[in-house]
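Below you'll find the structures, each written out as structure tokens.
Here come two complexes built around chain A, the first alongside chain B, the second alongside chain C.
== the complex of A and B ==
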């Protein structure tokens, strides 16, 4: 073999050895980068690419007892952008893109440009908030690479002002009023976190989204409210309040056996979709938040208390004068009359203040005070509605003799409409007070229900005392001066009127709160209705509330298909 | 092969008479079996080209789409050049050896003339490298043709004038001027990467041509000196080399370190088995030249260590094939030309991969037959075609002189 050829062979072999050596070095380096150091290097690089995003889940719905939706969440999106990429983009210049976006969202293009230029180096800016799916789709069709979107569900109240005072509303900073606020724990969704990776030009890489925390939707809140009835009741009090020129009005419909609220209406009503449409005083629920001196509707409580102690009977006799001198002043009846020979039933029927005040003397005021407390006055109801008033009860030590007497006919004490309804529910339910409920329960996202604890009923007065009081109240409806506007054909109704003077600055004025509280059918009451109208102009007596009470009670009885009463009432004698 | 295959169609008696042998010879030439090396080289090359096409599609699609609207822009271009390149390669493989010998002297003159066009108004600078010529219909890189011309010319000179091998004065007088001019022109266009490949190609030709090692040693020292001097001149080059030596910092990440750092991150993201074909994150405008100088990083990201080692293996296989061809060739021209093509392709591939792996500073050398780039692909395939033409005939056993 010639020298040249040997030399070539050696050189070729050397070359292969060198190539293999270099390749071996490369493989070692590859293993170093791709396996040994991979984790550390990946950490460095992904932190530069990954962009965290908050993901949203819808807030829970609020539904009525029949499942009708009172509040739900609509899909909305916020359009965001990376100003850094937007301002650098030559393919989608800011001005041109802003005009295209504005044409879809109805914004001013200058506003979009300003939002982008506010922080030119930032990676996040809001371009347009709360756009609809259709708008989102059209914006996406623009195919602007520096534009992103964030899901941001917004609140919608499909029934508008129906139960608006109860449902409350969501402001820009979250729930502001009503059940939206007080039941936020049930309704609130939990935001999730996910990250996606972006290209160097800001494009979101397909398939790179990693969800770290799943967004949890809120629970569904079911109310005891029947939204159809609620609508009817709101209409009824609204019309009457308008007719009488009343400043405000409330109405409560409660189920006698359970204490469930079927309707809690307020006038003026609020449409949660447009909370600016109503004075801020009426954003909550007056029926829960505004105590008033109930007036004569309170006499039923006094009568039941006296009966429970056994100090009177329905036919206990009393002479009721127009005026009665007590301690440091006089109490008067609402109409001028001579001395009347009335039974307890007659006292209720004629709504005699002097009569009930004298009968109440059979019992120490301290004991009556305890009964008033047991009927729920001075304590917030179990509902715990946002802004609910306990109707503070002045400590008994502070009661003077006049307060003690006034309290027998509902002056000097206060109660909310819902508390009045609860008093009548106790009487209707054979003396057992049931916890007042507005919320049936909360259905969690996993489908399970958390029911509102209903609690046991508490006996306030004996069955005898309660039933007898209801029976006496039938006389008010059948033979009282409002008989014409209270009776409902086919049903026995028990109710009591109330006309209370409104005290302003410690002095009683000519303004009134007129109310009717009652139940039907009287022989076995199923539903309690309370209607109040505050500061009416044209009719300043409970006569103004009576037609509305009857309208609502008739509607309730027909809607819930209550069988008509079969036997006529045998009323106690009212006079002697 | 001397017997007629039985499958040949039986000739009809009327045609059997006049010129049966002519037809027989033509058929025999067409169906003549090629050598193992022919198929090994052809197969490896075609596989690398097709693999390269797939990777070009994957790595270029995102940027192509954001720039032109079509994800297939760069890929289609590369596919057309690939098809043309394979056609050119197969055509070249049919050429007899004397064809290459005949054209070798003219090729070097043509290539130098072509390279000079870079400095005329036809020249285009891409990324600071004035290395392109706009020929109206398409743009081309004349430095690629210089590679090919040097292969042929060096093989021709060293094989036809064996006295050069042992006399450094003659060697210097004949080879050096052309080498200095052609490499100088390429470096004049600020294309350091191609310049280095050319120098390696020249060394390969000389080394396997049988030039004494001490001459080569002196030349290598000279080249290293020139290289060092050049590395101190260009501004960006100095900072690139210092970044390579001293590592990346937050400050230089945004300029000179951006590309190598993202290349390393791409490889790291690939891990053992890769993120899957098409799933690269770095190709989303992060890694500059993802379909070109840094395509190996994308291969490592999408196909993992397995894919990267496969590519290395392909080039090793190519090197082994070239060595086999050199050893089985009898014609010194074929040996030297094959060796030059080998050092060119394998050297360029190793330099490219070394850059991506951070073993060398960024030099701007594409990965042969895989990176996007039309003229480079065609010329490389033409180079392979020349080598293929040497392997079509199994060398007759040479009668070695008795010693």
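== the complex of A and C ==
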């Protein structure tokens, strides 16, 4: 009995030890799994079941002042394939499939075959890029097993080159030009990531959605541009540029009371849907980026400056010769004539360089320099357009007597079309320069507006000086040598022509920039129009720009329903 | 055994003498019945409850799983519709571009009047000289000056009208020929049928 008992106890003890040992092992393993490795294992398990999905929010739209869409986001897909499977597939042979795909996408079937054969062992190759929803569905109907699609949010410009110079475009590396680039902060959207767990059949497990970051759509950018007017203006300058054989042309339409740009046209102008369609020089806006010596349109600025200082009146008398000897050179008028007895009004009407140069001597050049700066030359406009030129103004210390005189009639100084428009806006708006505005504002997805312009103007010249200058410019339209092509029935128009020489390598060439800048109705100007044509072939004087100015101005006046002028203009005497 | 003994002897002193006495007097079955009956009810309730909860849970989970599939299919339908909507509004924006509108206008024979005339409502005066619009359309809407790649492949004017008419009229034309084959109708005006498909809105024919 005691022997058997001892043996029983020994066996019990042994069992107990074994059981304890096993339990210990289990406990250790349990702690290891549940506590030590818990985080790593949990992660591993969720990552098996869960998939992170990129959620896309659309980039904001660019719309014109009436709400018409100039740029919007659109869905596109890249069609990709696995060349390895494609070339081995007997059910969907490459040649046959390529022909079916090409029939939908409009590609060359050989191109698709070549893309697949380029790297036969690869698992990824682009078959077709940027196909539309309709094309994608038709390709999917082909049910080709080795074909895949990748979502690619894309950009569409429904109006093409209308305002394409302003809107800019997006390349493969993001925004490349225009407002797409400079207003990217407003337009850009942020993609989100959402992770959910899925079952074996790919369906989301109930209640497992974990949105990690919410996708943020971009804001809507509203411009001051009227796209219908922009189209008309682009057509008008395009026709005239072709007719005259001009290299390029620009036109600006600005609202006099607010400085808002209603149209900024360039010819040639980029179609953002097809960026390669134009020369690289025309990818932006020449009206903002290319300063030129404005020529005689600048005389209005000089006249307003002189009137503001009170050193001349509209009837100040001067004898204007054809040639005038000054210091180290000669100033000439654009046409040969004997000595003319002109008033300041007559000087503008006949666009006499010698006349304005002599009258300007009543005032120190340093003071005129200040006025030129106040009119906005030498600084970028408030728009801050991508690639905009400030039209650098040579420091006054560097001005010689020749430059001082030349600047009175717009040579030796430069301005962009938009800056010229801003000068005429100041005159049209009783001497108050309004900030040049291209963007009305950015509407965020929550409906709030940001980036709205301040709209505070600065007085540059007195109301008397501005209004009198506008009145004098009416003489140019009614009695000047371009009267025939500038007058608009029923309206009083004030405008000034400009034919400026283009300097290349410091020497003036036979090439010209011809322009007309003006406003209407003259008794209370509402709209400013500037037209420029660069390097015309057939007509090298401002006569080439006048019909286009008239065409655009009549269209502006009728489009915005400006009532015709009722009282005829009483003009200042031009001669004495 | 010693343990059995312990169990047996322990409760004995705890039982009060009174109770021991009544046990002999009272009817045992009636008491056990009284105790047993409510116990059974509780047990049944509990079991039924548990089973109910289990079935409920099962039902809920079936419902949930079912709804998940429904949500999943609705989500993909929503995505399809959103994409359809985006594609259609994209097309609408392109069609309403000034280039396309002017091309359509030219196709309809419209011209732009370069010398507008105003009628002053207050005085009844006509400002400007009223002349018929001259049709220098070629110059007015010269194409190629404002290129728009987005319009590629979109037909204009007659071509567009033809394409639009083809789709709705095809079944009508088919019916017409069927009808003509089975029972010859005297001079069935196929053109009329084309002009006014059964489900179309009444509109004048403009050319």
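In the analysis below, the second predicted complex is superposed on the first by the 435 of 576 C-alpha atoms of A that agree within 3 Å, B and C clash if a C-alpha of one lies under 4 Å from a C-alpha of the other, contacts with A are read in each partner's own complex, and residues count from 1 in each chain.
As a working rule, a contact is a pair of C-beta atoms (placed from the backbone, for glycine too) under 8 Å apart; a residue touches a chain by one contact, two chains touch by 3 or more.
Just so you know, these numbers come straight off a predicted model, no measurement behind them.
Enquirer: Contact-wise, after the overlay, does A:145 reach chain B, chain C, both or neither (first, second, both, neither)?
Expert: first
Enquirer: Using the touch definition from the top, say if A:203 reaches chain B (first), chain C (second), both or neither.
Expert: both
Enquirer: Which holds for A:8: it touches chain B only (first), chain C only (second), both, or neither?
Expert: The answer is first: A:8 touches chain B but not chain C.
Enquirer: Output check: A:157 vs chain B and chain C. Expected answer is one of first, second, both, neither. What do you get?
Expert: Second partner only, chain C.
Enquirer: Looking at the overlay, does A:379 come into contact with chain B only (first), chain C only (second), both, or neither?
Expert: In the superposed model, A:379 contacts neither chain B nor chain C.
Enquirer: Under the stated touch criterion, which partner chain does A:273 make contact with: chain B (first), chain C (second), both, or neither?
Expert: Only chain C; A:273 stays clear of chain B.
Enquirer: Looking at A:34 after the superposition, I want to know if it touches chain B, chain C, both of them or none. Which is it: first, second, both, neither?
Expert: The answer is first: A:34 touches chain B but not chain C.
Enquirer: Which parts of chain A are touched by chain B and by chain C alike?
Expert: 203, 205.
Enquirer: Which positions of chain B touch chain A when the two form their complex?
Expert: Where chain B meets chain A, its residues are 62, 66, 207-208, 210, 262, 264-265, 267-272, 279, 281, 284-286, 300, 304-305, 308-309, 312, 315-316, 319-320, 323, 326-327, 335, 342, 346, 350, 353-354, 357-359, 400, 403.
Enquirer: What residues of chain A sit close enough to touch chain C in their complex?
Expert: On the chain A side, the touching residues are 68-69, 72, 74-75, 132-134, 156-162, 203-206, 227-228, 231-232, 234-235, 238-239, 242, 267, 269, 271, 273-274, 277, 489-490, 551, 554, 558, 563-564.
Enquirer: Given the complex with chain B, which residues does chain A contribute to the contact?
Expert: Residues in contact with chain B: 1, 4, 7-9, 11-12, 15-16, 19-20, 22-23, 25-27, 29-31, 33-35, 37-38, 41-42, 44-45, 49, 91, 145, 197-201, 203, 205, 207-208.
Enquirer: For chain C, which residues are in contact with chain A within the complex?
Expert: The touching residues are 64-65, 67-69, 71-72, 83-84, 86-87, 89-90, 93-94, 96-99, 102, 114-116, 118, 127-129, 139-142, 145-151.
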